[in-house]
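Below are two complexes that have chain A in common, paired first with chain B and then with chain C.
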Partner chain A sequence: MTDLAVRSPVALLRRVTQPARSMGRRVEGRSVYLILTLTAAGLVLLGWFLPWFVGPFTAGTGFSPQDVVSSAPTGFATVLVYVMGASALIVVLSPLAELVARLRKMTLGVRVDQVRAIAGAAGLVAAVLVYVLVGVIREEPAFGVLSSTTITNSAVWLTMYGFGVALFAYGAKGLVLTRPNLAFAIAALPFGALLPLMFHQAPDFLLWAASSLAIYTLLALGLNVVVGFAGLLDLGYAAFFAIGAYACASLSSPIHGIHLPLWVLIFLGAAIAAIFGALLGAPTLRLRGDYLAIVTLGFGEIIPDLATNNVFNLTGGPNGLPGIDQPKIGPVDFGTSPQWYYWSIVAVTLISVLLLRNLQRARVGRAWVALREDEVAAAATGINTTTTKLLAFAIGASVSGLAGAFYGSMLTAISPDAFQFQVSIAVLSIIVLGGIGNITGVILGSFVLTFVIFWALPHAHEWSATFAHNFNVSAVGNINFPQYTYIIYGAALILMMLLRPGGLLPSRARRIELQTGVESESLAAVQGRA
Partner chain B sequence: MNNETEPAAEPAPRAVGAQVATPYRLVSEEGLAPRAPTGGGAAARRVLPAFRAAYGFTSQYFPAILLVAIALTILGVYHSGGLTLMGQQVRNALVLGAIYALIAIGYTMVYGIIELINFAHGDVFALSGFYAIVIAEALGLDKLATSGLGGLLVALIVLFTLSMIAAGLTGMLIERVAYRRLRDAPRVAPLITAIGVSFLIEGFLLVFFGPDNVATNKANWITGNAFSAGGVAVGFKDIFVVGIALVLMFALGAFVRGTKLGKAMRSTAQDRAAALLCGININRTIALTFFIGSALAAAGAIVYSINYGDVQWNLGFRLGIIAFTAAVLGGIGNIVGAGIGGFLIGIIYVFGGSLAGGEWAESLIFAVLVLILTFRPVGLFGIDVGTRA
Partner chain C sequence: MALLEMASVTKQFGGLTAVSNVSFSVGEREIVSMIGPNGAGKTTAFNCITGLYPVTSGRVLFDGTRVDGQPPHRILRFGIARTFQNIRLFSYMTATDNVMVGAHWWMKERVWDGAFKTPRGRREERDIEQMALELLDALGLGDRAGSYARELPYGLQRRLEIARALATRPRLLLLDEPAAGLNPQEKNELMALIARMRDEGLTIFLIEHDMSVVMGISDRIIVLDHGEKIAEGPPAEVRENKRVIEAYLGSGASQEARTA
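Up next, the complex of A and B:
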């Protein structure tokens, strides 16, 4: 990267925007490119049609960006509508065009990318103008609390973000193809950070983001250390989550009269979970692969059972522990505004990601890789397999302790039901879906799976009811969607393992393992940049 | 464990490397001893050998320790409830154990032949229970079975045949779709698809049959008491359950030992590549193994639904883990061991639950699972499977 930095800005720009072929580097980011383009198309579509789906069920009238602008009395707005419509068409259709081109074994020229990038930029500008116009028409501030316009707001934000992603994916195609993880981080970070702002009038969505997306991302990052880095299949990960949550709940609720602040508790929870991780990991040290999985599964079943049976009168039995404290910082009350939980967890997640990345590249991380590939050979090269394994368990568990501390405080009450086997499988599915061992992939997988399971399925009923109402198909209207959760987990696990064992975004090592025949060259790539 | 080379009573000289006069040894003990932990200090040096000795002792005498614990539990139940309670619990344990044994055999056969923990096996069991319901309803077997002894026999034969075939075909389908392609992949990969299949089956059962208990309408198929001894009433149902399990197990044993296909299964389990070289159709043999294992699970499911009267969509999950514990207890890959393990687990479940309270019974089994795998992964009478565990 140093050579890149000292060159002129023009050269830098060219390097970022040109397709990778001219750079003489192996193209690795096709899947990220695909994901970004599909995401852009999906977001634009969703923004356009969101009011149509959700509209009839909310008090506020449903608007799409188009409706908003066409109701504005100026000719300028009509132009905006056409610009947005044309851009949206290009953004939505271009993944299809690319698919057709790939099927016919053609390559799209650089010019096409430029056109698409321009379309994305035009759409983005138009969407921003629409956003401002919404404020102007309603004589309300562009940023801040609007009343009864949830749908409009969210729809415009989604459209805006979709165009932004399209601009980035097509405009900086070179960067996306050569540095997929960085590109993904650039595209996802603003979305992750601004999520509560975009949907600040949809409390449902905020709650989902804080209690499902953020928590499961943390959990998946922790399990990824055990499963992805060290290659130890842990089927009882929810146990550590439970231990962290129960420990923190006991220390910040009226049960024992102890009220520690959350910011102390997250460290305490992490430490306690780490200790238990090492303790429960100890019996599994001599086991390999599937036996280890079963032992951890046994622990994962015992811990919620202990909680249900109210062991030592500490856990409150099946009802769990109620009345957990919620922090208050000055005017910000976490209990009433879950976005602060969300931001806190995002901050913790970011720090964890940085630490885990460093750990992955450090001596311990390389020891984990060696252990994963061949335990005997690793031991022969002087790696202390005992401490290395225990460290993986402890570090993996500590991350779930963080999640547990937040989880209890956010829901103000915890019960054994929240830590059943299903949770372990959800986290495992996230990792398998996203890409075992790849932090970026895990975050993507967490977003996809929690969105489908915890947001789309519970809300699918409303959409299908709209659909049934609009098209007069009554059969679609009364499907109980959440009961398909298990089928989705199962299908995700089977299909991913069979068709794409590396996950949506395979880690570099995994990708190299899967591509045989290019080992020496790829190994150099790993050593150079891993 | 290498404490045979040296009496466990004096580990200290070895650790500090004191010169013991051993003129007949060419290599000094010091050089062979594991490197002393650098950071741990004296505490680690003193604690670790003791820990290791305790571990070695436990793993060596694990079967004896477990059997003594079981005997003490039975005595405890006798002490608290007298002979009648003990007798009733023995009956319950045998019935439960027979069902566990039938499921455990499926686990152990599949593990023996492709070294895969077929996580979906428990759910195949639950699915078979629902197959039995659907088949009995479609053919009107429930009415036939309660009409008389002849009708009952016909209904049982039809139900067992059809359900076992259906379950066996399901097992073959699962193997074909989810496991065959991953046979040479890292061992964790097929385990993950197995979990996926398990969730898929549970999901379908949930969607089709709902979240509540489903009555099997078979609880009244077999009624009446056969005999009663010392206040313990033993029903025809109990004899039927245990009898079916024993008959099927011995039939399976005879099949594996006596037939050509059984021979093919044994050789495939021993060395797949060599079996292939001998002209054995590996894929067909493995599919057959899945067929038999799933069919036995179906038999277990029918017996279960006659005995307990209802089934649930997620019945297979915990029952599956318990049956797997039975398979591990008997030494995984060992069919006779799985049968005995099933009955032992039945005893532990019933008597442990009776002594500690029913809500602890499952935790107890999971604890036994963890203990076996920690101290003696080869099982009670396990053949040495080396690096398998």
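Up next, the complex of A and C:
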């Protein structure tokens, strides 16, 4: 739930009975539903074609259902493959069918949902069976020349997950529409938790997941407190990330001979970042909007600069701090298995989400939103704007301190480049793209954007090379994708803001603002003519 | 003793004197109206009382304590709540949440109570929400509790602002043109509401242009013109005051003065 107002089941019930309210909720439910159906279709498609297009995506050489077909399986496997194929077709075509239905102003009946849910279930069962047969029982004769070593686990996992999402989206459509945030959590959690298992053959994908996806999700959640809840535009958020990272690096490396364990550092990093959040927030208290943005931008520039110039003799200059500890707990070595970082950060993120969500719906959360909506009215209603703002800065910054503690340890070294302006902007883009003020949207946004910026674009040339090789079109292989990273990124943001200005999952406030904004504009146009 | 006392308050904006050496007082459980042509300095006087503007000179006393120079949230906590001429609700908060913000300053819930949902915090949240719903019910907003402030029709927004002010537990309520934009029936309801609030022990100080409202409910009327107080007294007296009639004839509001 993102709405401040939803606090108790009673309150929920009361609201569902109100037309304005329930209408608003359904719109958001529809967004989540749409995203889930598209995700299901995309994943099933990806699972099917991935090994074909992108050899190097994972370590295996590729297993996919069509390999099974081409290598002429016999008996039971054939049945499985056809079941999977048929289900996949239904799941992939579903969003399209929905679109056509909407264009022709028809509604797809309950029967259609049942068929789609069954397709999802059948596909899921078939995919699990294939996985078990090939991967676990190693029933090789049934699968012709394929052997267990050639399985691209990821493709099978993605297929399974895609079918699972389809089963959930179509089978529990009611829940998705009425409790969109809960539905999003149910759909996203297994993926978030199992990601390291799905991609255990792809270490650099795991590293992306830990160092980009998880870290940026935390950062975005923190910035969302400042910008989304309290409405204070902060363009220098990376400064707090840097402070947290440097502080923790200093306390867990040979530099000062201090070696604190990571779990202590998390708290320390958060506390130190929070203190600096309040300290750097203090001079900006009287500033609003653009002025605040410029001052925070200044801080965002100053902090990495201080680190580069080694002003306090604590930061190691441009080379940064090396040799940061990596935890070893019994047989688990974080250094060699980034999935442990990933899981730790996911755990910390989940706790943060819960705490931030609680705060949003509590006394402080209301004060933040009141401040965002009208600072004068808030003050005249008894809110101490100074402490309320400082609290937003401190709590927002503390979340980036958590991220900083993990970040240094994960990379074993930190340097000023990692905390430049682009980081602040990337985090801001995530919350704008995901849906400012809406925790669910922010999480979705961080997945989409970190995937595009830190995984897809850096790897695009490998994929295009494979594609070019497989299909013998050299032009595609020669595109230098990294060169276009920021062009593609920028274009995607512009498109997004034009098509869906509230973000992927707009908060209810933004949505109504945009809707009524359009209405009053047309009203103005009418009045202008009169 | 007077609940609110303005002693020689002057407010200047650069060269412009918006409020000029104005003194008056509002007694406990009184309904006092401030009238005057547009630009007379009425809203500025309210802003000086509530701390949104620092006074240039003079003093504002509430219940014998000097409040000028204090920040707005501190002044509110003395017991002075207000509404705004151009409604200032928290647009993208529900009606309930708007009212709950009013309870912010006297709630005991701390940050960690909110973050960890301690029993204490949860209990208070429930109580405050209950309080907000009852207040909304009392003001006829009960069935719009879950609507965003900006989704409400104008008349209800005005009432919601009063509800939010009441949630701050005020002793003195400042209403800046509460009847503006209301239809005759809503105006009658407003007058009844003001009378009821006074009966429950509140002191009401309002700015109003609508003479039927002003004459109908005020114990006393204060008239400002060009920042100066030109008259003060019971409605019947002020209505006959020559300077008042002149002030109104000289401005766009003359219609209202004559029909009153």
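Methods note: the second predicted complex is superposed on the first by the 444 of 530 C-alpha atoms of A that agree within 3 Å, B and C clash if a C-alpha of one lies under 4 Å from a C-alpha of the other, contacts with A are read in each partner's own complex, and residues count from 1 in each chain.
Note that in this section contacts are C-beta pairs under 8 Å (C-beta built on N, C-alpha and C of every residue); 3 or more make two chains touch, one makes a residue touch a chain.
Because the structure is predicted, anything quoted here is derived from the model rather than measured.
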| item | value |
| --- | --- |
| Partner chain in contact with A:468 - chain B first, chain C second, else both or neither | neither |
| Partner chain(s) touched by A:121 [first = chain B, second = chain C, both, neither] | neither |
| Chain B versus chain C as contact partner of A:489, first or second or both or neither | first |
| First (chain B), second (chain C), both or neither touched by A:101 | neither |
| First (chain B), second (chain C), both or neither touched by A:271 | neither |
| Which of chain B and chain C A:391 touches, first, second, both or neither | second |
| Contacts of A:374 with chain B and chain C, given as first, second, both or neither | second |
| Footprint overlap on chain A, where chain B in one structure and chain C in the other make contact | none |
| Footprint of chain C on chain A - complex, ascending | 3-5, 7-8, 11, 14-15, 18, 20-21, 355, 358-359, 361-367, 369-370, 373-374, 376-385, 391, 508-509, 512-513, 516 |
| In the complex with chain A, residue positions of chain C that touch it | 50, 52, 71-73, 76-77, 81-82, 84, 88-94, 96-97, 100-102, 104-107, 109, 111, 113-117, 121, 125-126, 129, 143-148, 150-151, 164-165, 168 |
| Chain B contact footprint on chain A (complex, rising order) | 231, 233, 235, 283-284, 286-291, 293-295, 297-299, 301-302, 305-306, 308-309, 421, 425, 428, 432, 483-494, 497-498, 501 |
| Partner chain A, residues of chain B touching it in the complex | 115-117, 177-178, 181-182, 185, 187-193, 195-204, 206-207, 211, 317-318, 321, 324, 328, 357, 359-360, 362-363, 366-367, 369-370, 373-374, 377, 387, 389 |
